[in-house]
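Chain nomenclature is as follows: A, B and C, assigned in order of appearance, with residue numbering initiated at 1 for each chain independently.
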Amino acid sequence: MIKLDKSLINTIEAFLLTAGRPLTVSEIRDLLNEKEESIELGKIRQTLGEIEERHRNTSLCLSEVASGFRLQVKDELSESLSSLWSEKTRLSRSLMETLAIIAYRQPVTRGDIEDIRGVQVSTKIIRNLLDKNWIKISGHRDTPGRPATYVTTKTFLDDLNLTRISDLPELPDIEQEDQTIINTDQAQTG
Amino acid sequence: MIKLDKSLINTIEAFLLTAGRPLTVSEIRDLLNEKEESIELGKIRQTLGEIEERHRNTSLCLSEVASGFRLQVKDELSESLSSLWSEKTRLSRSLMETLAIIAYRQPVTRGDIEDIRGVQVSTKIIRNLLDKNWIKISGHRDTPGRPATYVTTKTFLDDLNLTRISDLPELPDIEQEDQTIINTDQAQTG
Amino acid sequence: MNSSANQNLNQINPSELPSDLFIPPNALEICLETFTGPLDLLWYLIKKQNIDILDLEIAKITDQYIEYIDLMESLNFELAAEYLVMAATLAEIKSKMLLPPIENDDETEEDPRVALIERLKQYKIFKEAAGNISSMPLVNDDFYVASAGRPKVQKIQKVINFDSYKLAQVMQEVLERPKLKDSHKIDFEELSTQERIEFIFSILSKKNLLGFYKTLRHSEGKIGVVVSFLAALELAKNGYVDLIQNESREIYIKSKIIGDQVG
């Protein structure tokens, strides 16, 4: 086992606290290697472990999200911090429905979303989601009008403290509940 | 002396690490008092001392600035972090051409550059090169309008790792070739 | 406003709400803003009735739905067109349900509710999923990311995407480019667009991408630029190449045919 010098731990800790975004292990390596000779990814992972250990008793914890590692305030302190952030994010149900459809059915066009929601998707909602950097345009579908297709971003996962899209709760399976009724009612599905 | 409980240290530490700005002692008191019974300013100061102590070996230090206290990365780590704050300069083709002409033909006026490039040189490009401190005005040419003449700077040489301007790679003698072509082609210029 | 809505409007006095409307009158405004669309409203009415969607009592739901949107219209709410479309759909299903089933030898006739029920089920899945996502921890509401100040002394590192050799290369290319301002006495006939097309092709057979300025010869001056440009346009028109101009303003000629063959 390689001995970890404290300066490496401190440098990586400082990267995490000043980057303003999560950092992946290879990003950390690249940042370090601009200065010094090559450092292996394994050593960086090991150092991240040391950082986690070091903060066992402080207010911080190391967290891995979609775009990499970051230092967060421990969950048990969230309550005390709410006075600093009195304004809670208010997200309309229309926005959340739109977001949910994009998250679970990506890539989707505005038309796809409208088909499910049964109502026009306002430009304001799409703009709002793009502004939050929760969704992005992934391309255009090869249908008349070449509509834009939307997907969710890593920032969306970061902001929900998730690592990958499959970390989202499973889609509710309402078929299951209804199955019995469908069978008795009529054996056919539209 | 009042015994400081760890949760108070952690709460104040978390305030400092999430506020995104320095916090004064009385701000910290107000934030705490939204949740609990009154805490004295003295106790908060004492806790700040504990926080300072706690970070003796980490990447952070407590710093008091005009608008209050904040946790910041220790100065000694500045050098290691510079890669995080690097200015990535990507030069456009037109900027690079303008810089090359100034470097190889200095001192030159804007008119000279335009003659060689065959297109107008925008003020933005000249401003950009001046901002980067790669070129400077060396004087004015004694022609109508007294146009400014530009030369490259010491910073330009430093950034390109050159000692003197003659360290620039030599150009193949195309001027010479051109001359012959023009001479055989037609004996006239402009 | 359509005529049936007007008709119903006459029967309902907004101040005297029908007794079987499930929404408390004072909550109407709030409720309206709460519904995300006609499916959401429909779902609300179904849930209030505490019935399974598959037992959808279409007549009852239709009446309530229409009463509800009539009421909203009478209160001058701006109703999305989709609410009215849904009303029409419901009315259509209702009338179909009233007709005696047509004898059909091939197969039993489809329940007119099926398509609507499918839409409702689909909507319900995402309505619930949206609720699930809403209840997840959200940054700056339920958890917080730590960040520290930068040190007082900050060494900004410069990263430059060129070196002196690149600079020399650029200088050379500038000098090799024809002087657009110079006037060379070159007859137009001497430069054939066809020849230039062949010249461009010959380069593109070796490399996929070609800077426009590389097609120019110094001695040809302005006319050479025109001929090269015409050749490039001709090639693009016939679908042999793409012309690309990026932020650097340099035009690139990209082969479409060669690339396909190679790739």
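We adopt the following convention: a contact is a pair of C-beta atoms (placed from the backbone, for glycine too) under 8 Å apart; a residue touches a chain by one contact, two chains touch by 3 or more.
This structure is a prediction, so every number in the text was calculated from the model and none was measured.
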item	value
Pairwise touch network: line, ring, star, complete, or other	complete
Reference chain A; chain at largest CA-centroid distance	B
Intercentroid distance (Cα basis), chain B paired with chain A, Å	31
Whole-Å gap between the CA centroids of chain A and chain C	21
Rounded Å distance, chain B centre to chain C centre (Cα mean)	38
Where chain B touches two or more other chains at once, by residue number	14, 17-18, 59-60, 73-74, 77, 79, 81-83, 86
Residues of chain C whose C-beta touches two or more other chains	144-150, 157
Residues on chain A engaged by chain B in the complex (per definition of touch)	6-7, 9-11, 13-15, 17-19, 30-32, 34-35, 54, 57-60, 73-74, 77, 79-81, 83-85
Complex interface listing, chain C residues touching chain B	144-168, 170-172, 174-185, 218-219, 247-250
Chain C-facing residues of chain B, complex	14, 17-18, 20, 22, 59-60, 63, 70-75, 77-79, 81-83, 85-94, 96-97, 99-101, 103-104, 115-119, 159-162, 167-172, 174-175, 178, 181, 185-186, 189-190
Interfacial residue positions of chain C with respect to chain A in the complex	34, 36-40, 52-55, 80, 82, 86, 110-111, 114-115, 117-119, 121-134, 136-150, 157
